[in-house]
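Consider the two complexes below, in which subunit A is the common component and subunit B and subunit C are the respective partners.
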Partner chain A sequence: MKLINRFWWMLVLVFIALYPPTIGGMSPYRSGLLIFVGIYVILAVSLDLLMGFAGQISVGHAAFFAIGAYVSGILTAKYGAPPAPAMMAGMALSAAVAWGVGRPVLALKEYYLAMATLALNEIVVTLIVGLQRLTGGASGLRDVPSFSVFGFSFDSQIRYYYLVWAIVVLVVASSLLLTRSPFGRTLIAIHSDETAAKTFGIDCAGYKIRVYVLSAVFASIAGSLFAHYMGFLAPDDFSVMTSINVLVMLYLGGIGTIYGPALGALFLKLLPEITVRLQDYEMLMNGAILILILVFMPKGLFGILTEIRSRLVARGSR
Partner chain B sequence: MSTPPQGRAREKERAGLAEEAFLTVHRVSKSFEGVHALIDVSFQVKAGQIKALIGPNGAGKTTLLNVINGLLPPDEGRVALRGRELAGMKTEQIAALGVSRTFQLLRLFTVNDATVLDNVLLGAHKRINPTILGTLFLPGRSRHRERVMREKAMEALSFVGMNWAADRLPTALSFGNQRLVELARSLMSEPELLLLDEPASGLNDAEVEEFLQLLLAVRARGITILLVQHNMNLVMRLCDDIVVLDFGKWLAEGDPAAICANPAVIEAYLGAAGGGGSC
Partner chain C sequence: MGDFSYLVQFFFSGLTSGAVYALMAVSLVVVYKVSLLICFAQGEFFVIGALTMATLTSKGLPMPVALGLSIVISTAIGALVERVLIRPIQNTSVGNLIVMTIAISLALRGSALLVWGKESAVLPPFSATPPIQVLGATLQSQVLWIIGVTLFVLIVIWFFFEKTRAGIAMRACSENRLGASLMGISTQKIAIFAWAWGSGIGALAGMAVAPLLFMQYGSGLMPMVKGFIAMSIGGLGSIAGAVIAGFLLGIVEAYTIGLLSSQFSDTIVFTLLLVLLFFKPSGLFPASGRREV
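And then the complex of A and B:
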């Protein structure tokens, strides 16, 4: 019972992951949409580890999303590499970039860190546009094959749906395990007060770099999944706008809760579908949502949900 | 204690390291953009004693604590713990040697609804040392260790009388209670040397009395204490030994009675602070 209580919201995620067969099929349009949602859930949760827990701002998280996508895309489409090792190569490159960049950059704080991460995003996009032979440049990278592992191909939409959501559940579960453990507690100490943390023997620089690398690896996985689903990559999908979109997901859902950013991704990706006519105003909407959330509900949607739930539980036990 | 060879002892003597010294501060100087915060300060703390660091505002007391636990590198001079050089070590490495501290303005961890118990558990970071892989792939082991640590953290909270507040948010507690939580957090790190920066400031008389009793109990555990303190009444009743700083310079050193009778100290500090009565 206590376990169910602790992982209540996890059941919701597992339900979405198993949704198609339980309801008896869903339209390709909807399952396609939920595949996108799943990819962005991974991206948002990965950023929450870094920002919501370790307290390190990143306004350029799409950089690692891009590295994952393009390494997978280039290796499979241009060199015929099998998708699973290509994905791992993307994870390795993301980890290496995060480690190399993180050493100097994570010593920065606040605005300076924000600017540096933003610059990283710009550099990656510029490289993608510039290295035309490799990446296809501004006109895009074509013919990324569907994902397969050990000869089993995830070529149908429903198969890919299961793959993406299985990974979503894994990423969310491991993020929860990490953040609700002494490891997460250590990150919170660093976030709260680095000087005090150091006086208790916490190696702040070391922990920050480790969580940055983990966060980059998760974002890279999301990128690879994106590449194999789209089959076509263009630099626009990895611009700073995407990074800011993910930031809005964090604040909309409730930063520092893991579930919140997942909820934020769901909400922000489904909203334009519901209000199709607003699609041209996505940037405007993002800005408006961010301001409204920060002013009126700093704990985000998840904060409101847990509030409602704890009131219901309190009423039920009375 | 075993006697080291004659030559080594003399060499130590020359280096300013008396044998019984637990903490040695030797000719430490530190300045900030031309302002001399510490000038050639030397003193020692013996194992198991409570030593006070007193002096008027701006005497360099907090700067000295920051130098000792590595938050500030000294411009000149050395700090040694049990003969081991601390210069060049990072704060987290010095912490691992058993140096813990509290802060004048509280520094409890408050982000993401961290509780009082979380704060105290963080005191034991060196012993837990959590890793990503360990957390993900050996959850059973880390859960067992966490249970043991929780018990110890509750003991530390009981020791300071704050076990009732384990699940509260630190910010919901009174200032005095937050000080007690900081002390429990420091004790959780099983320190050998405890640096306390103004531990009694912001406390009412009853709380000061309680704190005094607590610190005596801490000393009884064999923990050496160096504290910066303005409350002379507390210092006189609590401390075995006192060192006085004035404008960054060593002014006097000795037991409470000797310090009270020292004319230089009275002129520089006690008289001005109106603390003469508490001697």
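And then the complex of A and C:
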């Protein structure tokens, strides 16, 4: 019971992962939408590890999303490589980039950190646009095949749905376990007071780099999944605007809670579907959401939900 | 055109973008000096200023009137943003403030998209003088206007900060906030003032360069980032440093585009930014008593 109490949100995710496409008889359009949601959940959760727990602001997380997507896309579409190793190559490259720039970037603070991460995002995007032969440039990379492992192809919508959501559950669960481990508590200590953490002999730079690499690898997985689902990649999907949208998901759901950003991704991706023809209003709405969250409810949607839940529990036990 | 005239031509285009970066850097510095805050939405004022002026001139208003009105509108938005959005969360974390300015940027850009749509606006040049030939290169009259506007802004700023009571109060605030407030200066009023200045200068930069660009709702990010680069090269709090660095950045960028690669010029500029930040990470912070590890 205690376990359920602690991981009750996990049940919701597992439910989403299992229920809709087969048992729930969901339409292909809706399950396609949920595949997108899943990909963004991974992206948002990976950013939460870096921002919410380690407290390192990033306005360029889409850089690693892009690396994952393009490495997968290029290796499979242009060189005929099998998707699973291609995905791992993307993860390796993302990890290498994060490792390489991590120490100097994470030594920065506040505005400089924000600007350096933004610069990293821009560098990746300008390289994608510039290296036309490899990436297809601004007109995009075509014909990325569907995902397959050991000859088993995830070519139908339902199969891919299960793949994506299985990875979502894995990523969320491992992130949760991580944040509740000594490693996670160290990150929180660094977040709340880096000087104090240093005084206790914690290797702050080392911890920050490790979480940065992990977060980059998760983002890269999301990118690979995106590439194989879309079949077509264009640089626009990986711009600073994407990074900022992930930031909105993080704050909307409740930063530093892992579940919150997952909820934020779900909410932000489904909202345009519920309200009719948002299109041009979307940017203004995202800005407005972020402003409202910052001013009125810094704990986000998840904060509200846990508040409601704890009140209900308190009432029930009385 | 000979090789030399190409070099001159690159210099002119460097001067043009350099002036814009300098103005953007100045607009960031003015806000930073007073509220220790770097506003990610500064590029939006650049866009809003230019698009407002384009709309007003297309409605038949004479250019100087349109320019003045557009500055008034932009400064009003800037002041309003400070009062309504920044002040309530002023005392939370710097991280929150950064995200708030990003949110403001999104909201303003989103509003610009709704008001002006996705098409780019065309603003006629400030004067219809034909381009002049200098050393074999073409110099458009608008470039002279841009440099003139930059000089004008610098003189006004200098006059304001050195000679007027409000300007001196603003400087006092940036030196020592608490001390200034103990002397009876309303730091909150000063912060609004600084935002008004910052957004006004940003808007002016946008208006000056609009005739040479295709300005649309999303054009604000790059000028803001380049302004930030100039500001950090120039040493954060220094207006003179920001101006020099802005021109330097513009000229270096123009020669990079001209001589090395137009495709990868932004890659190069952003890599330079990273290198700059890597090698001078803490040296770039002002000694404002903030804790540094």
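To be clear about the criterion, the second predicted complex is superposed on the first by the 314 of 318 C-alpha atoms of A that agree within 3 Å, B and C clash if a C-alpha of one lies under 4 Å from a C-alpha of the other, contacts with A are read in each partner's own complex, and residues count from 1 in each chain.
Assume a residue touches a chain if its C-beta (ideal position, glycine included) is under 8 Å from a C-beta of that chain, and two chains touch if they have at least 3 such contacts.
Nothing here was measured: the structure is a model prediction, and the numbers come from that model.
Subunit B and subunit C, once both complexes are superposed via subunit A, fit side by side. Ranking subunit B and subunit C by residues of subunit A touched puts C first. Using the contact criterion defined above for the overlaid structures, shared-chain residue A:Asp143 touches neither subunit B nor subunit C, since it reaches no partner.
By the touch criterion stated above, A:Ser181 is placed in contact with subunit B alone, subunit C being left untouched.
When both complexes are overlaid on chain A, the residue A:Glu282 reaches subunit C alone and has no touch with subunit B. In the overlay built on the shared chain, the residue A:Gly256 is in contact with subunit B alone; subunit C does not reach it. Legend: residue contacts after superposition of the two complexes on their common chain; A:Ala189 is shown touching subunit B, with no touch to subunit C. Once the two complexes are overlaid on the shared chain, A:Gly55 sits against subunit B and subunit C alike.
In the superposed model, A:Lys198 lies in contact with both subunit B and subunit C. In the superposition on chain A, A:Asp236 contacts neither subunit B nor subunit C.
For the three-chain arrangement built by superposition, the Cα-centre angle with subunit A at its corner and subunit B and subunit C at its ends equals 80°, in steps of 10. For the pair subunit B and subunit C, the minimum alpha-carbon spacing after aligning on chain A is 8 Å. Common to the subunit B and subunit C interfaces on subunit A are residues 55, 195, 198, 204. Here subunit B touches subunit A in the complex through residues 69, 71, 90-93, 95-96, 100-101, 103, 107-112, 114, 118, 121-123, 125-126, 128, 130-132, 135-136, 139, 142, 146, 149, 185, 189, going by the rule given at the top.
Considering their complex, residues 38, 40, 85, 88-89, 92, 94-96, 98-100, 102-111, 113-114, 117, 221, 225, 228, 232, 261, 263-264, 266-267, 270-271, 273-274, 277-278, 281, 284, 291, 293 of subunit C touch subunit A.
Contact residues of subunit A toward subunit B in the complex are 52-53, 55, 174, 177-178, 181-183, 185-186, 188-189, 191-193, 195-204, 210-211, 214, 256. Against subunit C, in their complex, subunit A makes its touches with residues 55, 57, 59, 101, 104-105, 107-108, 110-112, 114-116, 118-120, 122-123, 126-127, 129-130, 194-195, 198, 204, 240, 244, 247-248, 251, 280-288, 290-291, 294-295, 298.
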